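Heads up, there are several structures right after this.
The following pair of complexes shares a single chain, chain A, combined with chain B in the former and chain C in the latter.
On to the complex of A and B.
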């Protein structure tokens, strides 16, 4: 290695050094603290003094045996898969629609981004009021077609559905934009050739669009999965995970354990959070592998 | 289908999609007495500005804090991410692949878990409920994204230009400042917009790290409104409308950057 090349390496790292230090101090260290929290038996007192005894996997055992564990896991799976299925399908339908350019299509497509850009607390509180049992516009509209009022947010059988609906609304724009950019990359000549061979619109979608869009679809779904596992704001603001844990996911459960009660249980809260990280990372790694291949 | 028919369908779909936004605006102008009317008032004919008066009376300090936190987050994010992007794109240090990988992973870590770690650290350092602490925590949402955007963008700057500057005797720092940065205006705009929007919208860090602070952001302003059970929905929705202004401005002035930002993280160039 020449001297100037080595000098170049030093310069290269000098430019990257602030971010590396930043990642160590403000990513790795908080994550380490979180891991440490989950392996100790914390009380409020020892949390402040920092002398909690090491308790190994006790917090994890406690969390897995907690009656909330099963429901929280189930709700996390339903919430994630339910949100993804609808976001993706609707996003795909809209992308296929908008890719046929027509007057105003660019502007309308841009407007579709609005739900994704709004602060989550804005979307969540708007949906809360729309889904209000007595005065919400949704129940009023259902009443017009003869369906009785639904207790969207206050009934344990509907709360999870309600937060999924709000989350689908927020997630459609992301799916639309990414799938749209994937559709644009498909050469129009392929469609022209198919049209010459007499393929119908439906055949073109199932035989050409969908197969060619597979790499982009896979990436959209995987990234959507990782994002959806993280969702906390929407659920917490709309239902606080309730009533009676009926919309509790790992993310809201972790928050409730750590911050939601007068007496915080940081250890179990951190343990739930770490389980969530593991799940997110498994799919995250699959995503990265796919993106690079 | 003819083109006008498609436009009509497109307008209809957009209207359905944006109905919640319309409803937020409508409710923000609705009088308290009409709030629970049946049928609900679909258009605020007998509108009131009570809600917005409440925003002016009660929410200005929250908005100010959010503005400050947003600007602070933007400055910190760009200052950290732009040099790193230059390094990864043009100087290519050994181990760059590893750093890229870490950045991708970092984006996937749930905010609630970061918040718990930050809480433990801030409590010990005694910096809970501080604006600076919130800026630092909020920047973690944007920095990895920022580095990836800058790297992708700066890779597109021709190597010849960078080398020409070097041959003219410019130092690496000088080349970065006078050649690379000015050419990267679009990516600076994209990263700044998203950093601001994410900091402005953040609820997780605000509620965990600044829940008892003297200066709280607007997301907590809205949250307290809902929590107080005062059920003044016109005031809640008026605050929500005001809190949506940055997103709206962003969409109007920088639409193409927004779409670029959404896809940049997801799709291989």
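On to the complex of A and C.
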């Protein structure tokens, strides 16, 4: 009895070992290293020698007091909330639209997935060509209707809007797909019953679709939030966070600190990265909390 | 029963941890063995991923290795990737034997203790031009040998200038250049394109104007510095330069010039091959100083360096490989392939003999200055980032040139 139980335990550990190894090597250790980086005063010399002195929360203080901190935080919030709001509403609208099957709806739906399938370098470069001040198609089209050129990527008042627009376009397919599959899980009988009771289309959406879709909506928004918080490539390719920090978010700032300069400041870069992780974690915890209650 | 399960769980976890530690230990041990072996090939890292194994560059590396009696193993990295790769490798004790890296990075790597100085690796630098080698010097030591240099000048489109009635030879200073741009605009063409992107490239392109005004990198907000930024800002305001310069890399800026609509483009030696393909006649003038003369442009191009090794006996062979790479004949071949100007007068003369059009570039390289020179070293990156931010802020209208540079000086002095 005991011997076989022992054997069972060993087998259990053997089965768990690969995933534990994987988690330790690819999650726990990098996270620990990042935390360690952010708590030490790294210069290039001490980075190579591995003897950076422990500096406590110095890097965090430095980052918070940096003139870039306020704008970067604000841009991160605007970028995330702006992207989420539009991605979600447009994704929802399209999902509701595609639930009613019509000729070619499958093909059209597949076409809507293109932004999600394209490599980000391709879509971001395409957007930055389209939004080019002098030779972009967007300014050309605006010129046709008599509106003067807008410096989409090179004006401090437009650059954040431009990257948000590109990010919304990229995020819609994800929202569409998840919400669409959620919609299909709602039994058509409920709609039939509602229709018999005389509910209008608008009432059916607000009273049936939206409440029944709540769990799916919640996870879509949470995943969207985590994705959007850490969006880096689109902004970096389109504006590099500029001009004059006007489209810098925590993600691009962290990269710029760590890799964007000839003389990397790993400590502050890691500190900004950790702040991002904490923000994502807080929203994850709120989500779990609300799921439980 | 329950407590025994828990005990087993703890034991299991402990064993797993032991196993992990064992694996890690075994790995590091085998690593030590490999590095002790005498037959380990000499690793060379370069920022030329465009050259594959069949290229002349690869063949040259193999030949230099064979001449030194060893095999070489070459890896080409993207240049923006190479600094961090080199730092990480040094941290892991895995540095390549020969590292070819962009010149402003040398002082950073030297500061990190990654590179050997010429005292240790016995490289001969006597024939190299002093203004080029200065980028590799810090604290009185020299940490590498330039393999080739490039710099910036103004390309112009002959047809556009003729149409606007501008004689390129008449452009001697900033006022005459601005006047030429005004004429070009009046003739319905576009003035000048350059790259003012928010990266090192932006600072690189701004520096000829900044230095040409007489400003020093130690004082960004001097009246001279402000006048240089004012020049660029006014060009944008007047429509002499397109607004897109704020996001232009040197490649996108070149693409604008290649459309044939622009009179001038500030770009580098490396575009010569593309210029020949552009389909219009072009000429080159040096970037003028504020009131005449040639403005010192920053030097670009790579250095060959010998990273620190635990096995110091490897330096002599590495030095042989480097000497082979930078020997007169090989420099000529390499710099012709890379479209660079050679770092020694002897090879420069041969380059001009081969292609007289290169003379303007040889002169520009002679007048050029290293960014990390003047003993700035690792201070340069801390000056360069505020500088490119100031250029972006002024060109985009977020701040006036004066305010932007004052803020930049504050950030650089921190």
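Note that the second predicted complex is superposed on the first by the 273 of 293 C-alpha atoms of A that agree within 3 Å, B and C clash if a C-alpha of one lies under 4 Å from a C-alpha of the other, contacts with A are read in each partner's own complex, and residues count from 1 in each chain.
Here is the rule we use: contacts are C-beta pairs under 8 Å (C-beta built on N, C-alpha and C of every residue); 3 or more make two chains touch, one makes a residue touch a chain.
This is a predicted model, so every value here is computed, not measured.
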Chain C versus chain B on the shared chain A, clash or fit after superposition: clash
Contacts of A:259 with chain B and chain C, given as first, second, both or neither: both
Contacts of A:154 with chain B and chain C, given as first, second, both or neither: second
Partner chain in contact with A:135 - chain B first, chain C second, else both or neither: both
Touching partner for A:123 - first (chain B), second (chain C), both, neither: first
Which superposed partner A:242 touches (first chain B, second chain C, both, neither): second
Which of chain B and chain C A:13 touches, first, second, both or neither: both
First (chain B), second (chain C), both or neither touched by A:79: neither
Of chain C and chain B, partner touching more chain A residues: B
Contacts of A:47 with chain B and chain C, given as first, second, both or neither: both
Contacts of A:114 with chain B and chain C, given as first, second, both or neither: first
From 75-83, 111-119 or 399-407, the chain C stretch with C-alpha clashes against chain B: 75-83
Residues of chain A that lie at the interface with chain B and also at the interface with chain C: 9, 12-13, 20, 47-48, 50, 128, 134-135, 259
In the complex, chain C residues that touch chain A: 5, 8-9, 12, 15-16, 19-20, 83-84, 87, 90-91, 104-105, 108-109, 111-114, 197-200, 242-244, 246-247, 256, 378, 380-382, 384-385, 389, 392-393, 395-399, 404
Chain B - residues contacting chain A, complex: 3-4, 6-7, 9-11, 13-14, 17-18, 20-21, 23-24, 27, 35-36, 38-40, 79-81, 83-84, 86-88, 91-94, 96, 99, 101-106, 108-121, 123-124, 136-137, 139-140, 143, 147, 172, 176, 197, 200-201, 203-204, 207-208, 211, 218-219, 222-223, 226, 233, 236-237, 240, 243-244, 247-248, 250-251, 255, 258-259, 262-263, 265-268
Parts of chain A lying in touch with chain C, wherever the complex brings them together: 6, 9-10, 12-13, 17, 20-21, 24, 43-45, 47-50, 128, 132-135, 149, 151, 153-156, 239-246, 259-264
Sites on chain A touched by chain B in the complex: 8-9, 11-16, 18-20, 22-23, 26-27, 29-34, 36-37, 47-48, 50, 94, 97-98, 100, 102-105, 108, 110-123, 125-130, 134-135, 137, 140, 169, 172-174, 177-178, 181-182, 216, 219-220, 223, 226, 229-230, 232-233, 237, 251, 254-255, 258-259, 266, 269-270, 273-274, 276-277, 280-281, 284, 288, 291
